[in-house]
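Data first, discussion second: the structure below is written as structure tokens.
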Amino acid sequence: MNQSVAFTLDDIDAFLRRDFPQLYVHGEIFSVLEIGHGTCRMRMDYHESQLRPGGTISGPSMMALADVGLYVALLGAIGEVPLAVTTNFSINFLKKPDPCPMIAECRYLKIGKRLAVGEANLFSAGNDGLVAHVTATYSVPAA
Amino acid sequence: MNQSVAFTLDDIDAFLRRDFPQLYVHGEIFSVLEIGHGTCRMRMDYHESQLRPGGTISGPSMMALADVGLYVALLGAIGEVPLAVTTNFSINFLKKPDPCPMIAECRYLKIGKRLAVGEANLFSAGNDGLVAHVTATYSVPAA
Amino acid sequence: MNQSVAFTLDDIDAFLRRDFPQLYVHGEIFSVLEIGHGTCRMRMDYHESQLRPGGTISGPSMMALADVGLYVALLGAIGEVPLAVTTNFSINFLKKPDPCPMIAECRYLKIGKRLAVGEANLFSAGNDGLVAHVTATYSVPAA
Amino acid sequence: MNQSVAFTLDDIDAFLRRDFPQLYVHGEIFSVLEIGHGTCRMRMDYHESQLRPGGTISGPSMMALADVGLYVALLGAIGEVPLAVTTNFSINFLKKPDPCPMIAECRYLKIGKRLAVGEANLFSAGNDGLVAHVTATYSVPAA
């Protein structure tokens, strides 16, 4: 595996704004903190539309954070290719998140010619107790 | 299993508006078409914020539809209990959805004292080709 | 999807004996009851090595039954191709099986050019209560 | 979380022989290398019955290794309680294993009052490339 970063932090912001405008409809809530070769740290501030009763961040919001974080981490490995497609996404919810921003730490277990399998660990910002754990598979387009 | 419906279609709308206001921030995009004992048909119209490049409905939007549909189906079996919590959610994406509303057909495989396991099949409205398949586990609060 | 059966019940027995001799080390415990285009009913008699404390059939034995059943169902659709490979296998255990043979009812949700996604429902023979539910993905070799 | 080890390496061998005799029907192929509070390293030698065409270790054998390893790791945290039950088991197969013994490195992400969620990384002995990744949920009996 070539360990160079195919996509820089400078590239990623422009890319997301152009190709994922829906990430910005609630304002600037998603931000990429770090990107590497198949790795990414992503932050999600929270917005009223993501809360469930009791003020907790909804499951689907956490799934969105992990999915976009893993997508960005894949770009960090293989660059801006025609769209990779999520084929499987599985999440275990482990504890209630704090009412604060969330961080997803994403990395790939495998990046193959056809399939890439990644893992994301989700935390409440400033709290190292794991909130949720994700594994997901992306179908990588033929070169 | 008692096959009566614990929650009617009349109840559910008021419940969702009160306890899940975030479902309505984009307008009236979610609607419950049918509810039974552990079953539910739910519809999601689409909104710009759910689209990905190419005009396709995003994965996280489909996850949100399945999660709320399965939650409603559980209410149909056990009634308005203190919040059940999603513990595991797993989705296989099977084909690209059409650019139109989506339907989730939800049903439970098991509703136990502690855990309920449900399944959702997602379709584009008017097209019977399966778009995605979900299994999810909910932790049921002690009576 | 061509609905013809690519592999008959007559073919499958010879195939399994030649390519999966390990299925027979405990005797004749696996048998294919029906095969169709992407469907299969498979039976597993039980053998001491599969039991857990309390006389119940072990989880890994159920996983083996579902995996081979889904493999056979795929052969029923695409014929005897170079080996398909399981890429993801996910099982929900729903209730304790009876101490008797088990049946897996297998069918595919999608058979694509690269990936096939199938589902298996596992029952104790003669009892229609669902014991376990499986979804699995197979990577289909290029033609 | 109490970090003491509830079950020692000395205890575990006697426990497995008494309660999981089926692990030994092919001889001494499973061995616990290390056990900690919610962690375990387990080794599986291979036996003809686990091989698939091409001499590769079968998927169900890897699932059995991960399931027993995670069970042992849970004993290391909560001790010899009435049986914990696997409720969900999900595996991603990442690369073909070498024809040699396999190692499972198991650890828990959460050990709650009702549910414990663990992760296992599977390797071929002497090769640090990840062969498979497992997440599994166990229902913990009430104290």
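Should a chain be cited, it is by its letter among A, B, C and D, assigned in written order, with residues numbered from 1 in that chain.
Note that in this section a residue touches a chain if its C-beta (ideal position, glycine included) is under 8 Å from a C-beta of that chain, and two chains touch if they have at least 3 such contacts.
Just so you know, these numbers come straight off a predicted model, no measurement behind them.
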Higher number of C-beta pairs in contact (B-C or A-B) found for A-B
Most widely separated chain from chain A, with each centre as the mean of CA atoms: C
Calculate how many whole Å lie between the centre of chain A and the centre of chain C, each centre taken as the average of the chain's C-alpha atoms. 34
Averaging C-alpha coordinates per chain, one finds the centres of chain A and chain B separated by a number of Å equal to 23
CA centroids of chain B and chain C: separation to the nearest Å works out as 29
Would you please write down the residue numbers of chain D that are in contact with two or more other chains? 87-88, 90, 92, 137
Where on chain C does chain D make contact in their complex? 19-22, 25-26, 48-54, 58-60, 63-64, 67, 83, 85-93
Chain C partner, complex, touching residues on chain B are 90, 92, 94-95, 109-110, 117, 119, 130, 133, 135, 137
Under the touch definition given earlier, write down the residues of chain C that touch chain A in their complex. 87-88, 90, 114-115, 137, 139
